[in-house]
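Below you'll find the structure I mean.
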Amino acid sequence: MTEPHKLRMGMVGGGPGAFIGPVHRIAAELDGKIELVAGAFSQSPERSREAGMRFRLDPARAYADYRQMIEAESKRADGVDFVAIVAPNHMHLPVALAALESGIAVMSDKPAAASYEEALELQAAVAKSGLLYGLTHTYAGYAMVREARALCATGKLGTIRKVAVEYMQGWLSGPLESTGHKQAVWRTDPALSGAGGAIGDIGTHAFHLIEYISGLKVTAMNATLRTVVPGRRLDDDCNAFLRMNNGAEGSLACSQIAAGEMNELRVRVYGEKGSLEWRHQDPNRLIVRWLDGPEQIHHASMSYLSAEARAVARTPAGHPEGYLEAFAVLYREFADALLTWKQGRANSPPATLPGIEAGVRGMRFIERAIESHRIAGWVEF
Amino acid sequence: MTEPHKLRMGMVGGGPGAFIGPVHRIAAELDGKIELVAGAFSQSPERSREAGMRFRLDPARAYADYRQMIEAESKRADGVDFVAIVAPNHMHLPVALAALESGIAVMSDKPAAASYEEALELQAAVAKSGLLYGLTHTYAGYAMVREARALCATGKLGTIRKVAVEYMQGWLSGPLESTGHKQAVWRTDPALSGAGGAIGDIGTHAFHLIEYISGLKVTAMNATLRTVVPGRRLDDDCNAFLRMNNGAEGSLACSQIAAGEMNELRVRVYGEKGSLEWRHQDPNRLIVRWLDGPEQIHHASMSYLSAEARAVARTPAGHPEGYLEAFAVLYREFADALLTWKQGRANSPPATLPGIEAGVRGMRFIERAIESHRIAGWVEF
Amino acid sequence: MTEPHKLRMGMVGGGPGAFIGPVHRIAAELDGKIELVAGAFSQSPERSREAGMRFRLDPARAYADYRQMIEAESKRADGVDFVAIVAPNHMHLPVALAALESGIAVMSDKPAAASYEEALELQAAVAKSGLLYGLTHTYAGYAMVREARALCATGKLGTIRKVAVEYMQGWLSGPLESTGHKQAVWRTDPALSGAGGAIGDIGTHAFHLIEYISGLKVTAMNATLRTVVPGRRLDDDCNAFLRMNNGAEGSLACSQIAAGEMNELRVRVYGEKGSLEWRHQDPNRLIVRWLDGPEQIHHASMSYLSAEARAVARTPAGHPEGYLEAFAVLYREFADALLTWKQGRANSPPATLPGIEAGVRGMRFIERAIESHRIAGWVEF
Amino acid sequence: MTEPHKLRMGMVGGGPGAFIGPVHRIAAELDGKIELVAGAFSQSPERSREAGMRFRLDPARAYADYRQMIEAESKRADGVDFVAIVAPNHMHLPVALAALESGIAVMSDKPAAASYEEALELQAAVAKSGLLYGLTHTYAGYAMVREARALCATGKLGTIRKVAVEYMQGWLSGPLESTGHKQAVWRTDPALSGAGGAIGDIGTHAFHLIEYISGLKVTAMNATLRTVVPGRRLDDDCNAFLRMNNGAEGSLACSQIAAGEMNELRVRVYGEKGSLEWRHQDPNRLIVRWLDGPEQIHHASMSYLSAEARAVARTPAGHPEGYLEAFAVLYREFADALLTWKQGRANSPPATLPGIEAGVRGMRFIERAIESHRIAGWVEF
């Protein structure tokens, strides 16, 4: 009887000062199925080594370059099973392509790539490789988002007629990028982020979430983008009308200059008979409202929830789970799919795990938003 | 020493089955300054008399026709001091004109008239008469709306850059008007309501409130209207982008098919340094958020509030006031202004009391929303 | 056909500076069935006249003494139908006795009297007179308190096993009475308030409410009282264990030194199958929790509510009602009962209107609380 | 340069079906400083091996007996650095003693032992060993509990005069233990749990938390315990009055038959100038109320928080952290202290990490509660 080894993860990006690197590490390892063993954390050799030390890695596996990491790890018997990409957006495509070409699966922070064209290129490469590709649209990992999705799928709300999603932040209310703030610098730099500012950074999360929960697709949009902070090079505030593939309509708003808001991601879906509401800042509750009955609060981990929601709970009811756990749900689904595939079965990730299609769609969203704003009118998807 | 009499009110509309008639009666009388003494509650003489009985009026003063009431009351020494108009929208203009022509002041349920053109006509009549005209944009009467308005005026939030207002109801999710439901019938009938459905019935409240609180004016709008329930003759769902006179932008949404929502009127105003949020369904609290300090909840009746908010409190902190009290604040301000004028001073209602300008603006809003929807693009105000 | 006159109310207490006088006036008149026509608002003739002016009364009916008022009004054809007692507690018994002896019904602010013995005396006088006696335990007038009471009565929660009620205020955190603050002075003076401080002023409300909602009676109590503010002459903070007549147990807490609390009255009732929670500061919602189903929020004015809750709604769902409306529900029930009696039928007030039994019970509660504290142990009721 | 190894953890208890085992594993490993490498997960060899497999351990290190584990691991060069005890309460003392005797540090689930006498014995053993001992009073690991503690310490609330803590659950509303439910069976069995039921299982958490946050000590208590569910062998509902060492008083309530409650742990501390409130089910917010200013909400991860609160945040503001992260804070502090000690420095765990004193105090609390209930009166601590 041999010890079942954990899946080995290599990380690209996430060096000192990064917020998202440690988050990916914690989330990946949380359920005990994945272990961070290697990384190209920074383009600076010292900084990459420093990050490796912090993550208690073998120093030999803290690389200064992702190509070097992929090459070296490919040759090791205990090389990485997959690469987690947490570098700025412009790196997403090249790293993913390099990994896929070396036969290594990919888990990528969103967006999938820096432009819609790049995303299509990546989609083709994923298809050609036959390898697993996951995209960490974190919010898809919350139990109550799964409950919302399951509830929409049952049809209990009736035909969906209206949606509203918003993602409000205030942290870019001032010209933070001019102070050298690392997060602000790359998120407001078109060369590193791509063509979308707020619309790309958080709008894509909102866009993904409304499609993920409602089960509908956006077919047309009318968006207005603004750059409120003088001198900023990308949009920081957006409002859009949406039209869905079943005729429903709705709105999407995102902002990074909504002073006083921390991270207000809020989704509402209205059907003929009732509606639901979920807020990221109150993530363990799903509000369900009916035309003719009391409002309901569905609480995480309760036995009355859908199988989909119960499947991702780790703690008993009333013991809150949060952002890291949601992230970890996606890594767990990724790990399970990867293990199944490594055991020789077909590569068939669960529908609940965002993949390259979600990635392409997210880039399409940014591209369409910018075009809609340009013509000041509706665009088709 | 003579007994200071109460102001005498005559009501037009508000007969049996009406929701808003009793609300106006309670609100008007709440502060002990006004007394309902006459009414043309219904076009049916029996029904008008029945309403008069219910309101414990002298039966001789329950009229079947507003013209008759105005004529008769004008001749009485103890005739009405003002008329409260609570009939369906198409009646607002003729009743108001008749009253003004007889030298009687007017307090009108919103909208001021059934169309923008009518509103302009009424505005001219008000100006010519020199009489007091008030418009019950109820939400303007809440203490915490006054607090929000005062806070914006101080500039503490910094330059306002973004606004968001929504008014969601679900009660028209089905074809209620086809069941004979009185409220639904007239609100969905263009002949009685005018050209706006949800946009007129509740969108105008949202529109008024965002201008009232922010102190800004909408200068352009891009609206999309829908009629979701088949067979309905007016819009029942709307989303709009707004542009304000200081360059701020934002959104306005209203719906009467948002199944499960009761009466979700919610306003947010974002400045450079902070923001505020008020919800009608939690009316005694104002949330104020800052870029760099704890979130604050301002509670009604507390001593730290603005003078404007403290002026309209009737109960101690923690003793909730609601819809009727907000309504009553407007009637109180109307009564105070009318008494002052009757004592021979100039007719100068307080800025906090919505008047004919607000009425004209509301009708302009509906007209512009419909035009914007027609051209699927931006319109100027 | 004669005009149905409104019931005529005379008020004792409520002069300039009083909070509760205007509240009673508004509440009494709110539903259009009662009219304030006379008052002995203050022992100072000028102040009483001043209050009468403010209430727009006939100056001749603003009396300086309640005995004088009762005598004069008794002789008028249009004399008062009932007296509302809003003076400090030590006046409650003498005024009520005087009214009853003159054949005038009584609506009294709580407590019914200044001591348990006085309350028993009053109970006997009410019984002897055959007249209507109402007690304004305000919270009993909220629609959602009625819903809670109705829900308990249905047995849907299962056998009630546990109760918890608390009433927290912070306004007496400092020695406010030493500044001459009118409300603070009489509430902390044993000669005016009786033997209970916080326990009498707000503890009795909590006590009444838990019995009113649960349908149970307290049979034993173990209370600990404190006077936290140095120099204060009555208790200002209390905790108690309760034992109910069905074997349930629970807790009651009240405080006026809970700094930062405004008026936090909160009730919870736990049965075998579920529980309910109501908070005065969020009065239009009732939270119902179940062992094995989603949490529910019952909203005021919705059609799914109990008949008892629907009976007291004045506004549509989502249009909040508050403290004044709750008060007014009690006056409405009082008026309806009084009118019925005046029409020659038996005096049978509805069970939902607190009466002299509630008054006796409230005084018993204070007396028992003080005794329990004295012996530092349980006392029987 | 050598790879800094992670601290090696051995677990006792936490086999298949256990809730708390995986929680400890995740929490311990979350910050990348600890690795689970061995365990005596169950007294059944197969079940222990099964758990080891699930945790992906070397099968040779999945032991059937904690003594065997401690002996074997003591001899390995890569043996465990500390033992995490997550077995039922009656095992806490023997396992801890065995580990300490072998020179191995201990992290124990609460309670420290099964009785006050045992706790004293353990305290002596810890002192004698000079080894690190931590107790996972989870709630002490929340950032906003740290903020509350820091706020009390600043004195900004003024002298603390009143406390209120409650911990309400409903999951034991029925005789769940008679169905074989593993969690219910051992928690209601005096042989496995000790003399306290709800008072021991969750009352101790409430007790610890109120002392932890307020910085005060309970000096006397008057408790009433009940066993509501027929046939149950331990208390399932409790109310207590508390007296603190500075003269403050307050209440503590805990229940496991509060049907409909999930895990309602709520703390309030009232000072002369203001008060605070924290709820476990809304853990990323701390409510602070003032006598004369707006209510404040302190949000996790914001820059205005105390150093103590900022030190334990892992995610940006608005990205909720929960139960696992709080647990992990305690493990991180434990790991940091253990590493420091292994590097030859004195064993000085931070004051924020509950240790054996907290354990002794918790057992004292249970013992005193039972005695107070027995005599139906106050007891000294």
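Per-chain residue numbering starts at 1, and chain names A, B, C and D are given in the order in which the chains are listed.
Throughout what follows, a residue touches a chain if its C-beta (ideal position, glycine included) is under 8 Å from a C-beta of that chain, and two chains touch if they have at least 3 such contacts.
Just so we're clear, the structure is a prediction, and the values are computed from it rather than from any experiment.
Trainee: Which chains are in contact with both chain A and chain B?
Mentor: Neighbours common to chain A and chain B are C, D.
Trainee: Over half shared or under half: which fits the residue numbers at the contact of copies chain B and chain C, same or different?
Mentor: Same: when the shared numbers are divided by all numbers used, the fraction is over half.
Trainee: Approximately how many whole Å separate the CA-defined centres of chain C and chain D?
Mentor: Those two chain centres are 44 Å apart.
Trainee: What's the distance between the Cα centroids of chain B and chain C, rounded to whole Å?
Mentor: So the centre of chain B lies 34 Å away from the centre of chain C.
Trainee: Taking each chain's centre as its mean C-alpha position, how far apart are chain A and chain C in Å?
Mentor: Each chain's C-alpha centroid was found; their separation is 55 Å.
Trainee: Can you tell me which residues of chain D touch two or more of the remaining chains?
Mentor: 261, 288, 295, 299, 302
Trainee: Sort out for me which residues of chain C touch chain B in the complex.
Mentor: 1, 3-6, 19, 22-23, 25-26, 29-33, 36, 53-59, 169, 171, 261-264, 280-284, 299, 302, 314-325
Trainee: Over in the complex, which chain C residues touch chain A? Could you list them?
Mentor: 288, 292-299, 302-304
Trainee: Along chain C, where are the residues that touch chain D in the complex?
Mentor: 157-158, 161-162, 164, 170, 173-174, 222, 224, 226, 228, 237, 239, 241, 249-251, 253, 255, 257-261, 268, 270-275, 288-291, 295, 376-378
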